[in-house]
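In what follows, chain A forms one complex with chain B and a second complex with chain C.
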Partner chain A sequence: MEPLLSVKDLKIEFDTRYGRVTALDGASFDIHPGETLGVVGESGCGKSITALAIMGLIPSPPGILAGGSIKYQGEELTTAPEQRLRQLRGGEISMIFQEPMTSLNPVFKVGDQIAETIMLHQGSSKDEAMDKAVELLRVVGIPEPTRRASSYPHELSGGMRQRVMIAIAISCQPQILIADEPTTALDVTVQAQIFELMREIQEEFGVAIMMITHDMGAIAEMADRVAVMYAGKIIEEGKADDILDFPGHPYTKGLIGCIPALGKASASAQTLPPLAEIPGVVPPLHLLGKGCAFADRCNEAHDACKVSPQLKGSPHAVACHAYRGDVA
Partner chain B sequence: MKFLKPTLERLSYAILLLIAVLILNFSMLHLAPGDIADTISQSMGGADAETMEQIRRDYGLDQPFIVQLGQYVWKVLHFDLGYSFFYNQPVTTLILAKLPATLLLVITSQVVALVVGVLLGVYSARKPNGLASHFVTLVALFGYAAPVFWTGLLLLIAFSLKIPLFPVAGMIDVTVEGGFFAKAFDIARHMVLPVIALSSIFFALYSRLCRASMMEVLGSDYIRTAKAKGLSESKIVLKHALKNSLSPVVTLAGLQFSAVISGAVLVEAVFSWPGLGTLAFSAIIERDTPTILGILFFSALVVIVGNLLTDLVLRLIDPRIRRKG
Partner chain C sequence: MSQSKAPILSVEGLSVSFPMPRSGIFGERQYLKAVRDISFDVPAGKTLGIVGESGSGKTTAAMATIRLTEAQAGVVEFNGTDLFKLSSEEMRQQRQHMQVIFQDPYSSLNPRDRVGAIVREPLDLMNVGDPKGRDARVAELFELVGLRPDQMALFPHQFSGGQRQRISIARALATNPALIVCDEPVSALDVAIQAQILNLLRKLQEELGLSYLFISHDLGVVQFICDEIAVMYLGEIVEQASRMDLFSKPQHPYTKALLETAPSLARRKSAGYRREALVEGDPPSPLNIPKGCAFAGRCPKATEKCLNERPELTFDGNRSVACHFPND
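Right, the complex of A and B next:
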């Protein structure tokens, strides 16, 4: 099947006071219609930059698109004029963000903020757009949508605001929805509701979702396929089930180890295994050497790791010298 | 009612504040040496102690301080600001005759300062490191650093004396004939230099503040959302960002109201603008206490009304400030 979105060797650099650093180093992945691609990794590994690059919203300066291509339905986006990108943004490709508390404009009513997008992309009249905005609020599960449409963001809870953001994002029936840590700032119960809502929307509208998260639990819940990122590179990619059951890269294993085992063992606290952690932090981008960026934190590192490993294998690809192929 | 209740609350505070200002002004002027008796005896070429006593008795200046204060506050509460012995007119008449000229100058200057300041602030925030932005900063710093009367004098020398584009002084040229528009144009011509002088300092403040708040707003999450919606840059800046970045500017403008009025006194003196400032100036020279008190009272009134208006405008701009009524 023809991919909806195809990212090839995408390279993004940033000018910093340490000189030019590579924030994204040759990332490649596809998103197919109607599927959910999970992108996982710690803070600063390049997930959000990838999303912003697809939207054409890399702040420049200091950001530089140093190479690679982003194709949407065969159309190259990296060289597309701003005019065309504006049509796609919010229309064909839309995005929801990590911070629902600050992502809505505080001085406009939420109904107007939804209607604005509809008027922009579908050329509807103000009245039509407002009717549709109320309908969308109902779709995303906001009670009393007519009344809520004339609320200001500060009158809504975090979960409600994220629902409004989702309403804005799906208002023009996009093909791709990029969700950048959509539930990180929310309560666990609200997280579950938002995931549920996203799944419903995907079923109803057939939208493909690119779900960015640092939470393997969220991946297990949502994703069809997974790309694991570390220090600006994709280090493992494959079907969600394969990766969750047979992680190939030590970093992926570490991330999976970080999921609390609550519920897996029904016994008391004593029998629960201690929560795993990955020692150290993601190295600063300006200190990256030639070798595997994870080597310093890796308990399987050996001499070969002084050379950066390539992403190998299909459909389950891993970039690790210690990896010897799928067990399954 | 989202607006009524807080407004009424503010209004009652404002009245209390006004009475406090009244008492304070009266007490301070009472402490200052010299009174109307000195001025009268001076104009008579000197008077003996008995005549001085007589004058003070006539004007009720021999009463104890607290009695004088009580009488004054009582009269003001009945909308009577007293009588100017120097001008031989009721103070209220005197002030109301001069107030429109001052209000015209003050309000025009504030509007010019706000509009120009916000426009330049927004412009320089979009390319904060561009040449134009640095130029705006330079002009703003100059406006901020230069005293108003000095700017006024320079403008006079440049555009009235060296290049006679604008009239030197006053507000109306009595020789101008014609209808309403001819007269209005004449006043506008007289206003240009005083307005530039008076707005220069405030335009500087507003453009700097607007630039800073605009830059902050442009980096915020909801602007990223607006971009992700596919909005054009001009719509993002002029609709989504501007409304958010106006709050601090409006707040500052409200706080500056008193400064604008004291600035107006200086500018009026430089340009012989026939307003409250000129009146205040001569009233102080002549120790015309009732007139000084009256002007101070009106200035306080204008500042308080200005602050009330600021409050209302802020409520209109930012829904988060509105309280549930």
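Right, the complex of A and C next:
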């Protein structure tokens, strides 16, 4: 199947006071119609930069697109004119952000904010757009949508605001929905509601989702495929089950092992063993050397790790010299 | 709850409310009831966890317990001393025995102070030992929490989030407290760093015999670190039990929903898992508390009785639950 979105060797650099640093170093991945790609990693590993690059929203300066390509349905986005990008953003590719409070405009009613997108992309009249906005609020599960359309963002709870964000994002029936930590700011019971809503929308409209998260639990529940990122590189990629059950990269193993898990076994254990730790911290980008960025924190590191490993293998790809394939 | 040792902290009938602005000069003043008549004990050398969603009153309850927020009613006994009867100077002296670790390691350290001075400050304020001895104590604390004594001269911005939280922990330990209130100490950290801090907190408890009052919304974290857990909803404790009882046999429908909706690696999209949105909507406003059970509006098995009659927290010999139909 032809991928909907194809990112090849994408490289993003930033000018900082430490000189030019590479925030994203040769990331490649595809997103196919109707699937969910989970992108996971710690803060500062390049997850959000990847999303912003696809949307053409890297602030420049200080950001520099240093190489690579982003193809949407065969159309190159890195060289596309701003006018074309504006058509695509919100129309074909839309995005929901982590913090729904700061991504909605506090001085406009939520109905107007949804209608704005519809008028802009579909050329509808104000009245038509408002009718659609109310309908969208109903689709995303907001009670009394007609009344709520004339509420301001501060009158809504966090969960409802995120529903409004989703309503805006799906208002023009996009092909790709990029969700950047959509539930991190929400409580678990509300998180469950938002995930359920995203799954329903995916099934009903066939939209492909790129979900950025640091939560392996969310990956298990939402993703078909997973890309694990570390210090600006994709270090492991594959089917969600393969990655969760047979992680190949020591970093992925660490990420899975350090979660305090809920489950029958731990619920009945008299004492729980200490959590697995990944020692140290992510190195700052300006101090990255030539070798594997994870080597300093890795207990499997050896001489070969002084050279940065390539991402190898299909469909389960791992960038680690110590990895010997799916033997586990 | 059979406890062999006397509790270090014992809270009876604690209530906290905050006055809201009047609607007009002659308008009636409304009160936001943040914590409503709760009681709990922290056993010596153990950890009591308080879990709940945002706005459930868990932080307010903990802060009122150590008089950082004023309580309207209740008795708090710390090591046999009634804290609410102390003068402010007597209370200040008591504070060396109870310390706090805050959620956000970025805003809880003074950016203009060197971290050595930050950790030393409690010793200076409490007049512990002589000035030379204090410096040696700070160096010892740095090693205890996994930092190097030569880092004492640095400023907070030169540390990562996890290291800053270690500094907060060192500061909390400086006066040799018996009780530490941990207010979401790991929720601002990445999972890999979270595991390091949780392991450290457990190690320190074993070595120093500390008691923790641990506030969190993350059930995995709570299960890992707590011996006894109180679940709060809209300012009340709805269920309290030992770790094993609570996680293996939750009884309150809200606790069940929290456990059901918590993300887990075992819940896979590939296996067709869908989170049931067990609870719908949002919690009611603490300004307008329902007459009956506070959870009734979101509870899947609420009856007429639940809407009209408030269930008391009752102890069945093993655990306490506030529900009319806990076993159905």
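One rule holds for everything that comes next: the second predicted complex is superposed on the first by the 316 of 328 C-alpha atoms of A that agree within 3 Å, B and C clash if a C-alpha of one lies under 4 Å from a C-alpha of the other, contacts with A are read in each partner's own complex, and residues count from 1 in each chain.
Assume contacts are C-beta pairs under 8 Å (C-beta built on N, C-alpha and C of every residue); 3 or more make two chains touch, one makes a residue touch a chain.
These numbers come from a predicted model, not from an experiment.
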Fit-or-clash call for chain B and chain C when the two complexes are aligned on chain A: fit
Which of chain B and chain C A:218 touches, first, second, both or neither: second
First, second, both or neither for A:57, with chain B first and chain C second: first
First (chain B), second (chain C), both or neither touched by A:87: first
Partner, of chain C and chain B, that touches more residues belonging to chain A: C
Partner chain in contact with A:255 - chain B first, chain C second, else both or neither: second
Contacts of A:276 with chain B and chain C, given as first, second, both or neither: second
Which of chain B and chain C A:188 touches, first, second, both or neither: second
Contacts of A:159 with chain B and chain C, given as first, second, both or neither: second
Touched partner set for A:106, first chain B, second chain C, both or neither: first
Shortest CA-CA distance in Å separating chain B from chain C in the superposed model: 7
Overlap of the chain B and chain C footprints on chain A, listed as residue numbers: none
Chain C - residues contacting chain A, complex: 53-54, 160, 162-163, 190-196, 198-199, 202, 217-221, 223-224, 244, 247-248, 257-259, 261-270, 273-282
Footprint of chain C on chain A - complex, ascending: 36, 42-43, 143, 157-160, 187-193, 195-196, 199, 214-218, 220-224, 239-241, 244, 254-256, 258-264, 266-268, 270, 272, 274-279, 281
Chain B contact footprint on chain A (complex, rising order): 55, 57, 85-91, 94-95, 97, 99, 102-108, 116-117, 120-121, 152, 154, 165, 168
Touching residues (chain side chain B, partner chain A) in the complex: 220-222, 224-232, 240, 243-244, 317-320
